[in-house]
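Look for chain A in each of the two complexes below; its partner is chain B in the first and chain C in the second.
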Partner chain A sequence: MNRREFAKLMGVSAVALSGIPLGITRAAGQTKGGTLNTIIQPEPPILVTALNQQQPTLTLGGKIYESLLRYSPDLKPLPGLAQSWEVSPDGLTYTFKLFPGITFHDGKPLTADDVIFSMTKLLPETHARARGIYSRIEKADAPDPLTVVFKLKSTFAPFLTALDCTTGPIVPKHIYDGTEYRKNPANAQAIGSGPFKLKEWVKGSHVHLVKHEGYYRKDQPYLDEIIYRIIPDSASRAVALEQGKIQLTQWNDIEMFDVARLSKLPNFEMTTKGYEYFAPHQWLELNNRIKPMDDKRFRQAIAYALDLKSMAQRVYFGLPKVATGPVSSATRFYEKDVKRYDYSLDKAKALLDEMGLKPGAGGKRVTIKYLTPPYGEIYQRAAEFIRQSLGRVGIDVQIENTDVGGWAEKFSNWDYEMTGNLVYQFGDPALGVSRTYISSNIKKGILFSNTAGYSNPEVDRLFEEAATSTSEAKRQELYSQVQKILVEDVPVVWMFEQAYPTFIDKRLKNVTTTAIGVHESFSDVSFG
Partner chain B sequence: MTAVSVDAKGDRVFAIALALAGWVIKFIAVVLVIATFNFILVHAAPGDPAQVIAGQSGASDEKLLAQLRAEYGLDKPYPIQLATYLKRVVTLDLGYSYRQQRTVASLILERLPATLLLTATAFSLALLSGIILGTLAGVRAGKWSDTVLTVVSLLLYATPVFWLGLMLVLLFSVQLDWLPAFGYVTIGVPMTALQRMVDIGWHLILPAVSLAAVYLAIYTRLMRSSVLDVTHQDFIKTAKAKGLKQGRIIIRHILRNAMLPIVTVAGMQAGALVGGAVVIETVFAWPGLGRLIYDALLQRDYPVLLGVFLVMSVIVIALNLLTDAIYRVIDPRVSVRAAS
Partner chain C sequence: MSTLKSFLRHPTGMIGLIVLLAVVLLAVTAPWLFPDDPWDMVGAPFQPPFSEGLWLGSDMLGRDVAAGIAHGARISLIIGVISTLTSLVIGVTIGATAGYFGGKVDEVMMRITELFQTIPGFILAILLVATIGPKISNIIFAIGIVSWPPLARLTRAEFMRLRGREFVQAAVCQGQRPLTVVLRRILPNAISPIIVTGSLAVASAILIESALSFMGLGDPNLMSWGFMIGAARTVIRQAWWMSVFPGLAILLTVLAINLVGEGLNDTLNPRISRKR
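On to the complex of A and B.
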């Protein structure tokens, strides 16, 4: 007896319990219709991606707000709102042609003016990451309503890589111009131009998106609606997946230790693709200001003492790839020919001995505090692995736990000895990598800056030159050089190219076809 | 109880009015002290809402932090923030959550019905079955049925509530597929008002039973010992000697007297039920107040956190007053205390 039969037996209307109304039709080879049920957690505070860039906001907001470009898994630009684009030979002028007939959810047309307003006025005011990129625009013009011309102050190679929906969401000028952006009452409606619009948001329960009828791409979106359910408990999320109540999970909806079990579900496919643009890079952050971590030999010893291959297996159940340096192999300008720190307790001990850190009572050489990142149980397991590994070479690690507020406060104010960090690469080393190592970004109180306090003028120079060079070959050469220097210096101990399990119902098509993955607009996602 | 009973009718009204005035003053004083204490506690936690947002956005800079801090009013010194807050409390203004772009009052009102439905159901369930089971165990003390009840209630008491919730989900949702595993209503299906009520009822069963289980164990054990206590009193012997039937003795004499400690404990726990629902609300994705508090705490959303704390303390104080009133109904020896 299942729930429906049981309900009938108990005299309950079966209508209320009839599950997902699919209502799928098949016309001209393309399956249309259907409701995608999925998860969002934690619950985002608002849905306007231009004003808030927390990860759940971006996942949901990606369906509501679009940007000029999308990106293929190997980070080549694809048409977004812009159907074509051109870069002048001097690398300073970028011209974008918009698709005709784009409308916002309130029916008003989206034109070049909205693009210029969003990218040169609103985003530089509200979006920390976009500010650093779009403030390089010297002049923006709209020769006609479907053409946007940006002229940069100086060459900036990754400009064309920074037009995705998480960095450059286009908002309606007629709603935001001249208002206090963060206090605009229209923020609650989240008016964008994406394939889905907000129908209902019951706080604590779900967010209901429905098809934007005026969407500019022919026949898209294929789905009728998407329901994001807020399920805060990871065990309950696993149950929802097992029961088929949801057809998609993303990011850390499913804990790594559940992946092997849930991968056996016959109706789901598990993939770790679709995170290439973000390429989350995980490392052990060492406060370079504090003895003995100010000594490169000590940092190298830690790199030798961590058996990352077995940590990837035991803690992360084989999902991530071991990182070899500051740049992820999933992104561009990766250099694989760098110094390697293969697991070796002897090498680690030799380095520590050489430094004069002799083992004292009980084999302890030094005691270091580790501030566990507060992003879930997996980080606690990782902390325990690190404590045991470093204990073997006489580094006594004491684990401290806190929550996001406490971690951010201590970490950003350099009030830590060792912690874990996970940083997105954003498709180009100039966007996501250099910020961790250049000395101009040593900023107290700011997260994801150069928090370790590493400083090397040569590294500064190489990163600077690579960001402004317009030759791909030249950039590769400079980035290869800088990666070799950094790997020798080990300002932080790189651990993993983090992978996230995305479970997709086998009937669903086109979920992770771009580098933006689950943050993508889903305009071409369909059942079958 | 050394309360002075006042017999004359006019004096009695006066005494009640005085007592009420005393309550109101006490009530306001307690609320203000609690509000101040809440403020200090909440701000003592490291980090602030701006840092949390930065920590979850993967990028940050000085301008973002300064903007957010100014918006949240965090750029002013603590004493000024506290004064602003107390002024608002006095004018019954719970404030505004910039993070959620909503007034705190609307956020709380939106979540309160779900929590009250869950906790009131669980509470009634626990209280009612606790009294019945406890009485049964008490009058059969020493027999096998008493032993079974005692062991079961001890087990329930020792079971972590989230574990029990998950086990019930595994059995009734995953294995048997009888009951929904999470949420409070089926989403995306058009329903009539009646269908919706029934649907919510189905979703309510598992969380309410899980939440009730622990409290049920407490009431059962308390009721059992209370019944045992009363059974050995002289007036019960008298009742037996009078030749009253067992059933009548239990209902008229034992129950009524044995209820007093239950009312005391239940009154104290009714307040805790609002907060105690955090775990159950999380496990069952129930959109209640408990989760609002938990999220607000992690996000350092001070206005929401302070607002919920305040509302909860008002509820707890009100419930304590209600307990006092119930005492007077059940136990005629307790009367309105005249202010001397």
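On to the complex of A and C.
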């Protein structure tokens, strides 16, 4: 980028900031035009979401690549590239009708062939999570260019919940077919069919997206441009927000300790909505293989000894919601009628006494090491809170610090006693919950598998049956049952439904209207 | 006795000594002044100073800042003293050997010392602690490893100066063993500059420990001043007291040790002192 271009860029942003964005016109009740300035942090390695699924790639790539469906905040499917869809009564055949006139950024039309290529050929090779789901497709057909028919090998109810743009982005077949996907030179240009296309990416500075003129939805996108600025320092990000240089933040852009202060800014609205699809669930991971954590009474005692309400306030500045069990309340099939572990030191001590763990010298019953997840200050504070809380019932916690590589290495190879964990749920227990508890997923060396080593044949059976059942009512019943068993057994101590602060300029409309919030295409986002 | 008297008449040295004794007193009485664990969340979080029994306020988890400072004094002083002793043992041994024997031995010893002197001390300390793990024993070891070279060079210079003096020559001629000569004849005459440098090394050890803790490389199970500042850094715009008070504690302690060191220098080395 030369100086003139930079000046233009700044000029455009300055006008956008002043509240009278250049060339804004009103159409269909929503304002057209304007530039959205926001943050991308850290800088993504690539923008092709089909090839890389790190969070910044997904946030930015969501504007460039679309998928068959979108989801409402309560995870009901909405039209994406597919304007309508049908499931056969046996739950095996899914038929999608695409919108007419969809084009890629290079002008070529998007047809059923591109969908089939992406979902059955490219993604199973490049996207681990998509592989687990789309490899269940036995046969894919395109009776006409706007119709896709998938036939599954066996029933898999969550299939319809796994077609969002972070799981199933559609890429152009004419560019990728027959090439080595990861080395394709077109990756730099990131050609998708989304409402915005890549204009320029200045490494270390910003990613500049502009409107895709051939977008298939009438009048959309409303915005002319989106500029993702790369601001590595959290204090600078807060300042950029305070000065109104940016109109939107997401995920960890704003640190939790700054949220209360910045929530008072008059021009911004703070929301924690828009993460329902991911529903990040946070818990205290206990290695069930190690004594005394192999005893469910000990795990229950820990659940009683943690004052989670106070922890949410003190450590997380009141943002997250206390979790009641393995399934997030934002995820489908959540069961709220489960055993509760309200803060009670007496109950915790009684359980430990019952186990025969008597307090020894200095009131200590047992010493356990806590491996602090190396993701920053907040995790450190959480570790200190847990140590003090458990110390009150005689469980002596020794904190161990390590780096990112060391943590992943130790944790995934079961070389830990206690640690913190944060796992996404992806809308359906079969996609994001069962993996933590089923015994077939006890896999050494793999993060976010059943690392605690919990094994219960009844739980395995219920999860399996619920994943393959096609009746919603039946699934609810099975998941309710399994949640009750898990909450009684406490394989891990669930703590919080993690919340992330999204700061939105009050002039912006429709930013967090779906379950993937800031990852959405932003085709209907507008200034006023 | 005359040394003590002359130190007592040294004004800044005395101020330093009084402050230092106050810090030592605080460290010793911490378990009685603040019987609870300093990590305990005793009050509401973010309480400013002078609120509900918390003189210096509470931190983001509701821990008593005053209790943290008192218990942190113990850690800072223990680390300062023990790691200085470690570096004294290493530095004096190497310096004395090099200075007494000279020649090839001296060459080898000094090249090793220079090797350590060319590596920036603090960076080496970070590297060591990050590699062998943040435990108090490892931190003491790391600080000891990075702070011995100046002591070694000083000891060597003193030994080279004293090596040719008549009383040393006499002892050697009498057939006294090298160890005896070094320990009984030379070391007592070389000790005063070593004491002065050592006392200043305590201050720098405390600073290194604070900096390590600030960066999150302290022992996570021990309350220390550097840790308190490091943890409070993120909320400094909302709560100044969480970082200012431990910062003052570090400042006062290090200043006091430096003043005492200077006082010792003036009284122990009257010939090279700045005043007389």
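Rule of thumb we're sticking to: the second predicted complex is superposed on the first by the 503 of 528 C-alpha atoms of A that agree within 3 Å, B and C clash if a C-alpha of one lies under 4 Å from a C-alpha of the other, contacts with A are read in each partner's own complex, and residues count from 1 in each chain.
The rule is simple: a residue touches a chain if its C-beta (ideal position, glycine included) is under 8 Å from a C-beta of that chain, and two chains touch if they have at least 3 such contacts.
Remember, predicted model here, so these are calculated numbers, not experimental data.
Participant: Identify the partner contact of A:466: answer first if only chain B is touched, second if only chain C is, both if each is, neither if none is.
Facilitator: neither
Participant: Count the residues of chain A touched by chain B and by chain C, then name the partner with the higher count.
Facilitator: Result: the larger residue contact count on chain A belongs to B.
Participant: With both complexes overlaid on chain A, does A:314 touch chain B (first), chain C (second), both or neither?
Facilitator: A:314: touches chain C, not chain B.
Participant: Touching A:231, do we find chain B (first), chain C (second), both, or neither?
Facilitator: The answer is first: A:231 touches chain B but not chain C.
Participant: Can A:398 be said to touch chain B (first), chain C (second), both, or neither?
Facilitator: second
Participant: May I ask you to decide whether A:327 touches chain B, chain C, both, or neither, giving the answer as first, second, both or neither?
Facilitator: After superposing on A, A:327 lies clear of both chain B and chain C.
Participant: One more residue to check, A:55. First (chain B), second (chain C), both or neither?
Facilitator: first
Participant: Find the residues of chain A that appear in the contact set with chain B and again in the contact set with chain C.
Facilitator: The answer is residues 403 of chain A.
Participant: With touch defined as at the start, can you tell me which chain A residues reach chain C in the complex?
Facilitator: Those residues of chain A that touch chain C are 255, 257, 260-261, 310, 313-315, 372, 377, 380-381, 383-385, 387-388, 391, 398-401, 403.
Participant: If we count contacts the way the header does, which residues on chain B are in touch with chain A in the complex?
Facilitator: Residue positions touching the partner: 45-49, 51-65, 67, 71, 98-101, 107, 110-111, 114, 162, 166, 169-170, 173-174, 176-189, 191, 195-196, 198-199, 202, 282-288, 291-292, 295, 297-300.
Participant: List the residues on chain A that touch chain B in their complex, please.
Facilitator: 1-3, 6-7, 12-13, 15-18, 20-21, 35, 37, 42-43, 45-46, 52-55, 126, 128-129, 131-132, 182-183, 187-188, 202-206, 208, 225, 227, 229-233, 235-236, 239-240, 242-243, 245, 402-410, 412, 423-424, 443, 445-449
Participant: Under the stated contact criterion, what part of chain C meets chain A in this complex?
Facilitator: Against chain A, chain C makes touches at 37, 39-41, 45, 60-62, 130, 133-134, 216-217, 220-221, 231, 234-235, 237-238.
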